[in-house]
């Protein structure tokens, strides 16, 4: 905490996202979700409940809109680029499913608004939420265009895990009490375990070492997860193949028919989750 | 027409004002009891919320904020007129401010004290509220200075400190008068508070400078405070919040609701403390005209905000706007427009302006409109933001209503305590007003100045300020 | 089943205020004072204490409570008199986040022949014969949102630390556990709070990312 | 996954718990919201742990999921003796390392707070807790060697059962000389099974979705409530890879599969067969598909349903029928499947047979439909359930044909339609023995209840109801010590019962583990890894499966001639009831799992309750909107249920998914929603006698509900069902996809 | 020599000002303008014309406070941010100017106000004991002309007060 420090490192401290950001990233965890394969079954969502100690809130609280699903499957009956079918009478093209979890934005709008810095960007490229620092101002959730942050409106642990259901709780992460915000962490406890194991074995984290709970469960393998800084990882290849790049607000694709896109990219949140468009017979 | 009867005797001024601070009567206690009862509602609700979580206020995903924040802005807004207007009017030597600025500034301080409660009440873990403050700790963590909420904390504490000091410094000569007329505990209190004021020329000279400098600070400060509060919204990314006109819009709204509140309290004080001599219709009229001007500015800024949203053609913002017009919150939106933009036209009509009961009702309506405005800023955006899966209509629960209701009791109680302990009309400044008026009137100055003053003393025939 | 939860939420409002706001304000004050005090002393003291190479041991003391254990385990006899390495019994420390209480089989490995006539050993044998491990109580407890890893700290200060002899591991353990050699039943003698951790991380270039410890 | 799966038995034996039961587990690093509790928490310590057991680190063990009959392999993560998470077992040819939502929620079945902890004995009207000795004595007195119960007077009413449990069950039956085994499953393949047998010569052939380029599904919800949802979903993933297959779904109300179809068509309920005939007509007539391999009768039947007639009967436009035919022809190989909504009619068999005829016509047999071969271990094979058995059992019970019934793995009191009057008939059996994990409607009627340990606490082997082309015996091993010490695995219960009947043979086995271990050691030498019995056993446990490749076989392709009754309108009951089953609630057995209750239904996004799906047209006619109540009345009774309106349902259909409406099934399920099975009409499939699930005609009327309570409210996730122009889900054409990603 | 402080109370402000003018004009020997001060119920700037310009150092305090607030504010924020390295948030730099400007602005005002207050308390000699000659009438409507004088000027001054129609004379011995 000295003037010297500020002056010496001024350039470093003044480096924003556009200039590459402050971090020298160790990893850049990211995800690809193939909507062509996603069937909307919800296995990922339940897997997330199991892995991340998500509270079951019950019907009345669900009705009030206080559910805690970090990974939610959205279902829409229309698509913006899909013209209504000739006979508008039936839902002929089925439904449009969209699994939504925290997009781990590199320029996350939730981060700068937290009054106590309980949410920030880690050197792993993750959007961290530190539960024990959170005071529950809920500003982050308000400022998340994806609405992917969930608030502990109650001490859910009082009702969600009657004995012996509480024996299932994962000890690798906290059970959240009332008054704190929570959200998808890309299964940070699994990332941590994989990194520890790799370190113990004296090697780098390999592609596939970390599987998120949703990815592991997905019956159609629609979710791919990995490190964008590893040039050999599947996600890197997919992002490349679909001509989507991090750090852009609009992708100028050489092949516009490539399916990759990021949701609300134009808001300059720079999400780390790329979706692959659904495929339809027309 | 004259703002004030310039022939009023100075001793009478002292007597009238000190009388208002005397041992309260039954009506006062009833008012206090009412306020305490209202606070009790809020306290019960808050205890419940504290124990069981924010959910019972029916806050939800995506409505993480609701009328707590709306009421917070409301109170912050109300705090603006007092000090800001007082400071501006002081600088431009509009001396009609003098009989009414004291309670207006008190209103500022108390509404800030009320507003300050809301961020605390609304956070999920209020027992950790102090983490917002930048204190040195060996844990090596700081608040996040990027967050508009931290700006709020800075701005509000600066504003509260400054406006309380402004109020207090302006009150020192009056406190000295109280000191001279008080007994018992009050005497001790006023001795301490008047800081040894004796009214010598050195004190007056420095007092004048200090007061002016404070006023100069307070004007930009007050503007910054409400623009910072508007940053809570304008700095976000949400449609309907991310609006460039928000800072001036908020400041205008703040002045507006503050002026309306001044009218309300003006009427009440005039009636209950028989301050007809000081809080004259002429001053009321001036206040009303000012309010009308601000109301029109507010209306304009409101319309320009809609226009820019409409013209700007951002899909999400437009959606929010349309939802305000036609959605489930539309009745409240149109009521806000009615109260905020139509009702103030009564202020433009002399007949209404001079009719005190009408003005009382109108001022309440204006403030209702301003409260609705804040609600309509916070909630429709949350109800219809970018992600359509999170579109939701939410009505606040009883816990929220009770706390909002109680905040009025808290404000009322603070104000009731204030009027009995502090002079709610500035005695020395009314004297100055009379003095200068006569000084400038020219013709009868000599005569008035040379006329021996009758031996009227504040204490004569009156018990003075009793303190147990 | 007593799944203990409490304190930083509220049982009753009064308790909560007693337990949180008032004490926290007090704590802030204390922290402010001690923070400045400690900061000044730490800088001075770092150079002096250098028993463990490449390490700046954390400063701070704490007066822990006496914890009644099912068997009054004498750390002094084992670690001081008999000079048994800490990791002989706390064998998981180098492999896992938790140091682990030694399995009863490990106790019995020696105590089926050594000192079998002592009361404590008789009690131990009783447990062994009942096929029940003694219900040891946790002395160094962390809040559940803190994820401390013994393994990494041992790697940093012992195994990957040049010039550090594994037999002196107890000096590293003492960073956080105090001089256990001088205790019978272990007692908490270090504050083990965030300031304590942070200061040490700063002094030894440990990670400063929140998510390293809080998840 | 770490390769540390080894003999669980020794692990459990040596692992000393500081006591027994759940109470002491609290000490082992359970995450709570606690701050510091110096000296109050007990630390977990072991008595004599294995080398690989390290506190603070999870170990993965393989086992088998028991949430449905698909028998997916799982890996369970165990830490400090607690099972924390299950994942798919990548070695399992069924799930391929994947797991569905029900599989994930199996944890909650295991840790369910409503599990039975002690045996129950009926004392008067009440079931009261008893000891195992008392319960077994009670059974011995009434069904032991000396009880005199013989032959078919002892009955078994179970769900799907396979593996060594089936062997023991058979032995138990044999000890009575009984053949009265009634296997009841609501979600079954009995109708198509018979059609398959008649046409293909095999009840359950293997489908190759991944090889098909076009799939016509007549109500087959293979991604949802089907015989092997995870397996089909993994196949679906490769089906959808470029070059991408086309999925056409014909059904009365949208299923999960329908929601993912390229073309979703609501045919008039029960006319799917006619549609198949029409398509066949179009194939023969317009695309020159040779009908030479069809028997004459079949050809004749096809001719009877010209495209126009088919279009008229089914309500599917002619153009669509032609388009389907075109797609099926052009995108060979194709696959035609049928499912519950097509088969659940009085002529369900005919519809299934017509679909098979299409497969034969398109030459799919041998391509996308192949034989599963003769099973390697026929005695372990799954006894697949159906509803016919339930009728048979009810009839027998009604006549007083049974002295004792053993019930397990099925909840007929809940699933039986009201017309069957099952509860009364069941009560006529003097001794009702139930083995169960939870109290459910059937258990509540039993006289003695033996508490089962959960599948993750039990040993067992299973053969999947649907086998992929790599049939395996799935091995189920306990992942943790029983939470409740007074529970026993199914195998152990069966052994205990057998010991009453055949003490000489079975007293050698201490427990089911011993039996199973012995059984494995008697496997032919070809199964032994390197000729070692122990190595084979360890490997079986590590992979939790044992290869069971059967003898290869060829399928026959002899379509049978079928005809369809004319579609009749019913003036009194103009609507069709579609009691759809969903991946999640399944047949209602998962209603007590909070994760699944809280997971929004895939289609309607309703949580924690029932709903009725209506077409907007129908809803307009009734004057109802989302959340309003309607009554659905059949000749058998009436239910009241809130409405969800969307365009994924035929206008003449009201779809009420099954699974809710439990009356006695623990805290999460009881009193939630309605059970549409209760209003089913007494219609059965003409050929198989199966309950025709989709054949009920109903009438629908609006019901006014003033201020519904939370229990009656329809709670749905999500604000907008439209993307309102935002780019959330976007799509490209298959052409473009095949072009860019096909190579 | 004895030192006195006397105060003449006037209800006629003009008359009181004339007293001062007379002293200025040397009517009382040994009395300088610097020895004259007033006690008045109101703030009336024209008194400066009578008493002459006297210094008020409050603005200096204000300037110091504002400058201090600005510098301290920014440096405090920047150094806190520089040591708090888990700060990368939303792609913003570690030391973000927009928010620091806002907060610096607030700190400027806060310290400006606090220093002004301090300046007032110091330069107005607040928090000192009231002199014995203080009359509560200056809190009502009378102006007091206060003179610091010695025995020599004592009587002439009193006479001067009387000549201008003083209502009351209060006195105290200073030394």
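Note that the chains are named A, B, C, D and E in the order they appear, and that numbering of residues resets to 1 at the start of each chain.
One rule holds for everything that comes next: a residue touches a chain if its C-beta (ideal position, glycine included) is under 8 Å from a C-beta of that chain, and two chains touch if they have at least 3 such contacts.
This one's a predicted model, so the numbers in the text were calculated from it and none came from an experiment.
If you take chain C and chain E together, the chains in touch with both are A, B.
Graph distance from chain B to chain D, where chains that touch are one step apart, equals 1. Centrality by C-alpha centroid: the chain sitting nearest the overall protein C-alpha mean is A. For the interfaces B-E and A-D, the C-beta contact count is higher for A-D. In this assembly, the chain whose C-alpha centre lies farthest from chain E is D. Rounded to a whole number, the gap between the C-alpha centres of chain B and chain C is 55 angstrom.
Here the CA centre of chain A is 62 Å from the CA centre of chain E. Chain centres here are Cα averages; for chain A and chain B they lie 44 Å apart.
One inter-chain figure worth recording: chain D and chain E are separated by 90 Å, centre to centre, where each centre is the mean of the chain's CA atoms.
Each of the following residues of chain E touches two or more other chains: 80-81, 83-87, 89-90, 92, 96. Those residues of chain B in touch with two or more other chains are numbered 128, 140-142, 144, 146-147, 150, 386-387, 389-390, 392. Counting partner chains per residue, chain C shows two or more touched chains at residues 1, 3, 5, 8-9, 143-144, 208-210. Taken together, the chain A residues at the contact with chain E in this complex read 1-3, 5-6, 9-10, 12-18, 21-23, 105-114, 117, 119-121, 270. Within the complex formed with chain E, the residues of chain B that make contact are 9-11, 14, 134, 140-142, 144-147, 150-151, 154-155, 157-158, 161-162, 165, 169, 173, 176-177, 180-181, 195-210, 213-214, 217, 220-221, 224, 228, 231, 428-429, 431-432, 435-436, 446, 449-453, 457-458. Within the complex formed with chain D, the chain A residues making contact are 35-37, 39-43, 45-47, 49-51, 53, 56-60, 62-63, 67, 69, 72-82, 87-98, 155, 157, 160, 162-177, 213, 216-222, 255, 257-259, 261, 263-264, 275, 277-282. Remark: chain B residues 52-55, 58-65, 119, 122-126, 128-129, 131-132, 141-144, 146-150, 153, 232, 235-238, 382, 385-387, 389-390, 392, 394 touch chain A in the complex. If you check the complex, the residues on chain B that touch chain D are 315-316, 319, 386-392.
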